[in-house]
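The letters A, B, C and D name the chains in turn, as written, and every chain counts its residues from 1.
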Amino acid sequence: MKKQVRIGLVGYQFMGKAHSHAYRSLPFFFDTEVEPVLAAICGRNETAVKEAANQMGFESYETDWRSLIERDDIDVIDIVTPNNTHAEIAIAAAKAGKHVLTEKPLAMSVEEAEEMHDAVVSNQVIHMICHNYRFVPALTYAKKLIEEGKLGQIYHFRANYLQDFIMSPEFPLIWRLKKDVAGSGALGDLAAHSIDLAHYLVDDLTEIQALTKTFIKERPVGEMSGGLSATRAGEERGSVTVDDAVAIIGTFANGAMATFEATRFAGGNRNRNQIEINGEYGSIRWNMEDMNKLELYLAADAEGMQGFRTIDVTEESHPYMDAYWAAGHMIGYEHTFIHLIHEFMQGIATGKQPEPNFFDGLKNQAVLAAVEQAAETGQRQVVELPEIKTKSSK
Amino acid sequence: MKKQVRIGLVGYQFMGKAHSHAYRSLPFFFDTEVEPVLAAICGRNETAVKEAANQMGFESYETDWRSLIERDDIDVIDIVTPNNTHAEIAIAAAKAGKHVLTEKPLAMSVEEAEEMHDAVVSNQVIHMICHNYRFVPALTYAKKLIEEGKLGQIYHFRANYLQDFIMSPEFPLIWRLKKDVAGSGALGDLAAHSIDLAHYLVDDLTEIQALTKTFIKERPVGEMSGGLSATRAGEERGSVTVDDAVAIIGTFANGAMATFEATRFAGGNRNRNQIEINGEYGSIRWNMEDMNKLELYLAADAEGMQGFRTIDVTEESHPYMDAYWAAGHMIGYEHTFIHLIHEFMQGIATGKQPEPNFFDGLKNQAVLAAVEQAAETGQRQVVELPEIKTKSSK
Amino acid sequence: MKKQVRIGLVGYQFMGKAHSHAYRSLPFFFDTEVEPVLAAICGRNETAVKEAANQMGFESYETDWRSLIERDDIDVIDIVTPNNTHAEIAIAAAKAGKHVLTEKPLAMSVEEAEEMHDAVVSNQVIHMICHNYRFVPALTYAKKLIEEGKLGQIYHFRANYLQDFIMSPEFPLIWRLKKDVAGSGALGDLAAHSIDLAHYLVDDLTEIQALTKTFIKERPVGEMSGGLSATRAGEERGSVTVDDAVAIIGTFANGAMATFEATRFAGGNRNRNQIEINGEYGSIRWNMEDMNKLELYLAADAEGMQGFRTIDVTEESHPYMDAYWAAGHMIGYEHTFIHLIHEFMQGIATGKQPEPNFFDGLKNQAVLAAVEQAAETGQRQVVELPEIKTKSSK
Amino acid sequence: MKKQVRIGLVGYQFMGKAHSHAYRSLPFFFDTEVEPVLAAICGRNETAVKEAANQMGFESYETDWRSLIERDDIDVIDIVTPNNTHAEIAIAAAKAGKHVLTEKPLAMSVEEAEEMHDAVVSNQVIHMICHNYRFVPALTYAKKLIEEGKLGQIYHFRANYLQDFIMSPEFPLIWRLKKDVAGSGALGDLAAHSIDLAHYLVDDLTEIQALTKTFIKERPVGEMSGGLSATRAGEERGSVTVDDAVAIIGTFANGAMATFEATRFAGGNRNRNQIEINGEYGSIRWNMEDMNKLELYLAADAEGMQGFRTIDVTEESHPYMDAYWAAGHMIGYEHTFIHLIHEFMQGIATGKQPEPNFFDGLKNQAVLAAVEQAAETGQRQVVELPEIKTKSSK
């Protein structure tokens, strides 16, 4: 019988569902060394959280995250609440000796992120940040190819993350559009993912220039109602205080060029998260809309026969894929969370700190801060990483 | 508290895993009226079936399907064993008053299929055949568009189902390559799915011409080892007694033309299951390799602006998709089974017979028989449907 | 100064324009050994042919093809008139010692095709049939790869040729829809091209089954008015006497399976001429809609890195492409004719008979006849090739 | 008989061939009001220019462009020489009363561009700059859709122009890699095209941030040898003095966001020139690699049926396409020049100044200058347009 790891989930909307599903599905597909148990879910609205507990299969529920953290029967605090609450909850959890998983972006500022990082490191808990796209098998495989030198020296990383769900001026002013709750808009919600992939696949970003736009400046007050839908509350209108779109150009430590664009105003693009990398010996292309495919170009292919290969990253030999069906049988969005949770549970089982963790979150936060500064000043910014007191054990 | 429906699963390989996963995941995503419980799994190899029960979360296991059927605590018999066993198990299950779900093709012959259909109808149990591709949301949506008349009169249905997993002459002689166990090769395994989609989306097939090929006639003896992999047993070699590939041309009751090709010798195509339909007012294209997309052409679009639209069938308004994440977030292969099981459970809850059921399986079997006859004789065959004593209640 | 070859073109519509353009453009791009001169164009309507001569740059015009053939200053007769006129003109031209190029299909029957072949062979003229798709660089390159054994033994050839220009029931009854002028419909117009590619890339077809459909049986009388447009003549209606669509399945001499579908009722497909070939070691895919690309799968690629490569067949090393711009710069439809005319002129310069020629046209005609017979009888037909008195000199 | 316009072409490499071909092909396809005649070609190497004259069909040749301009029988000076020669030739040509067409970028600096503009305006000649991509029918059609308001207010323009022909460190130091001859690298060669499309399709660019990279700083000395190939001269090496890649982010006068990336280091991308535009009511996507297609998204499409349409911009109703074959029949790269030359000739025939002309070239030059300044300083730059003494007559 495997050791059980009891999960306390704070938050129950879109990401709460994705995380819950991952914990539930993990044992079916993976022979992880420990077994997660959906111990408790936490939310302020008792009716809603009770229903969520029932629907998602949690043993219990709480309406105050402090009570959840106080419980002895909880091993993990998983935080999927709005961004302005991450720090307080994560730090309290770490101090209580709980392992912590947090949605991205890690925090509201580099200072907050630094405190969070200090807390998890000094309390020696396992910590992760939910940059789930690292766990698309096609990208895990891309990482392997890059590490093996298949692309050689990297020259270019370009990323687009395009959505369109708030294009209507009548789409309500949800928390994601308020700076005091979300920190930023497309930047922290979408570009943060692309930045994490850049760090994962290429190198640290060192210099940044940026531009942000807010196309619709006022919207009816309202709130999320599941997925990326929302309901307006009445006639009242309020100000959008975050960016609708952000463009970033920059340089990596290794000299490569980076370009990023993230927007919620790209009509027809429901969730187009795509990257390209060009290196000395080859290139890759990937798009979340067709997430199981990896396009790979190898300059070493014979003359006349060169071209991007479209690889179905569904072979048994591909990362994570031996857990599933058969070559050519596609998996979906939710599996990125299963793979991340697998690594998180393995980290808890072995004591070996997985990635991406709060250190990665902190680096990401430093880039987000540089982007905001660069967008405001119109000047190139150096990405300043705070001195880390204790580097995460690995 | 929902009524529980206790599942007894016979077989535990590729399809056993897909079905088990579907039962487990159903309550998380759908508010189905009853709740399936993984009561027992059955297989002849006790060590293997015990391990499968543990891994997939079954309460118990059996090594003889007859014992499983005798159990009072089992409501459903789900059959995922090789094709030559479907009839005996399904008929016994129906006689015992169990609801029945069977993998496709339904049977080894039209006669067997007819007996199976008689058994489920006369015993008034709910029955389904696992043509899971009807439950790809993009195809369920295509069906809706066709029923609404968006394509007008249908002129063409063309389907390819291309795989490549047995192309190596050293790939072992698994059960799928033996006529006495599988009934046929690419025909029953792959083309049967395409034929079901033709029946679902267009009309009944009435006349058929066909051609089959067996490219590799002898292989080393061996067996499946998960997914679509296999292990050879030794030096012994045996004869391949099924088709490696089949091509079919035919006519629908409504006068439309049908073309089908199914093969396991199309290198580079791991699992390319694709269809196209051309009608008076529009066309659709779909490919399982990119299963969430539906391409739609509407002749009524303004001049100069006509073209196939690529629809992400991931909106809340699309079939089944309000159960999941958000527009633009892809689902994978396994969800086709979840949706089918949802309909099966709803059928059990309401007593309303879902589709595709044994009647659809019987019609499919009649086409398979006509194809084999046509391929052998080189002559056009009429698809002869046996007189059905009792039409399934709907 | 290069030797001039004086061209007499019979016909001036769609194909007349494509051929004229090719003769004109040839010297600009290719260092062909002889230089074609647009000597005369011939059509029955003097006003129209005069205007065509002026627009396309012919030195003179004729209104009777017999007069054209009698002229001493004409070296080549190029026939782009409706199919029922090919034989008479080509035979007369050959007897007059003119080299002959004919549009496809070669003739109205195998007998006619045989007489035509006899005429060109016994009169020792250079002859070609205008199966221009062989000269798409991507397909010429595919031929090279196949001949080098890159695909190994061929298992499958599948072709679709899909158009939609006559889908409206009010589209007029043009000559292409009349059996006595066109011979057949989608079969001779579209499938004939696919059959030629099958012969070119794989092997001779030996056995055939087929199905034809005519969806719209009556149309208003009218005629072509350029490209694939048409104008109706009045209120009168007439019968469509050719197939709107044809499906063919068959076997090659080497044992491979062939599937073909050609139709003018595939809405949204303006001119989708596509083929796929699957062999022992690899596969290719090609589509005229994106004619400069060749998709190539090689089973020998490293595990995990296998996938179809999309090759831009625009490198200097690719067939014909060193005549043009630079890698990545696309060429269009018209260049297929330039390349064919280049081979034709080289044949005239060197006396070496190019391909595809009347022998290829005759073989194609034998397949068309077998298809018609098979469609009528519903029985598998052997493709019967008439005994050739004199094999074309090569 | 049409009035003849006698062309004097200065330069005979890649672009010389493309321009010559366009003049030759124009009368075959378009009923332009005047007829261009290839009067003379000019180059310093007499042997090479004589051969070019012969191959491309020029009546005569010159070895000094000054002599060409002095000739009375020349109406047009077409300049396809390296960038550092444009100004001197164009100004001399204008002063001699010749109409002028110049390759892009217009000049080496804003000052030069301004002088050129003054010269053509004050001498009242017709002038164009060869931003040929405006004349891809898909983009001319996109312009029409945008002008009709189909996309509503524009939010985003994003462009990539990716090549890979100089990736090898042994690729020679051709003129395009020297600042004193080319002015800049990927910026003036590739991004200039994207900037022109931005100006054409969206609005003027007003503010710019930029980043440039030179990945290979030293190369063997050598020169172009046709197309994008080159030959090295010996063992000598020299410094690359231009950018290998450039990234630009900026703002349009109408508030939209612009992102550009141009590079010669994107392996596998031979010539990927692509743009996307997102507006209030719809989006478009286009890629020169598949130049006849336009992807169009319209938010007004019915719920559930929304998606990018892939339009074959090959219908008779599409810009320029009635001159060609039939719907679905693709045209290639060279036709962009034919269409541009058609507009140039029409401008000469009617006296109405076509676009893009030297004024567009001047605006483009101002953006290029701002990009270089922004890249150097790391600061946001305002695009400063010099005061135009005389606006081009339209």
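We adopt the following convention: contacts are C-beta pairs under 8 Å (C-beta built on N, C-alpha and C of every residue); 3 or more make two chains touch, one makes a residue touch a chain.
In UniProt terms, the chains line up like this: A, B, C, D = Dehydrogenase.
Because the structure is predicted, anything quoted here is derived from the model rather than measured.
Peer 1: Name, by label, each chain that touches both members of the pair subunit A (Dehydrogenase) and subunit C (Dehydrogenase).
Peer 2: In this structure, the chains that contact subunit C (Dehydrogenase) and also subunit A (Dehydrogenase) are B, D.
Peer 1: Chain by chain, through touching neighbours only, how many steps does the shortest route from subunit A (Dehydrogenase) to subunit D (Dehydrogenase) take?
Peer 2: Counted as steps through touching chains, the separation is 1.
Peer 1: What whole-Å value do you get for the distance between subunit A (Dehydrogenase) and subunit B (Dehydrogenase) if each is reduced to the mean of its CA atoms?
Peer 2: Roughly 36 Å, centre to centre.
Peer 1: Roughly how far is subunit B (Dehydrogenase) from subunit D (Dehydrogenase), going centre to centre by Cα mean, in whole Å?
Peer 2: Each chain reduced to its C-alpha mean, subunit B (Dehydrogenase) and subunit D (Dehydrogenase) end up 55 Å apart.
Peer 1: Taking each chain's centre as the mean position of its Cα atoms, how many Å separate subunit B (Dehydrogenase) from subunit C (Dehydrogenase)?
Peer 2: About 41 Å, centre to centre.
Peer 1: What parts of subunit D (Dehydrogenase), by residue number, touch at least two of the other chains?
Peer 2: In subunit D (Dehydrogenase), 269, 306-308, 312 touch at least two other chains.
Peer 1: How is the touch graph of the chains shaped: line, ring, star, complete or other?
Peer 2: complete
Peer 1: Tell me, which parts of subunit A (Dehydrogenase) touch subunit C (Dehydrogenase) in their complex?
Peer 2: Against subunit C (Dehydrogenase), the touching part of subunit A (Dehydrogenase) is residues 141, 145, 296, 298, 301, 303-312, 315, 317-318.
Peer 1: Using the touch definition up top, name the residues of subunit A (Dehydrogenase) that touch subunit D (Dehydrogenase) in the complex.
Peer 2: Its residues touching subunit D (Dehydrogenase) are 155-156, 158, 160, 162, 164, 167, 209-211, 213, 215, 245, 247-251, 255, 257, 259, 261, 263, 265-269, 276, 278-283, 297, 299, 306-308, 378-380.
Peer 1: Can you check the complex and tell me which residues of subunit B (Dehydrogenase) touch subunit A (Dehydrogenase)?
Peer 2: 14, 17-18, 20-21, 24-25, 27-28, 55-57, 163, 165, 227-229, 269-272, 288-292, 312, 314, 316, 324-335
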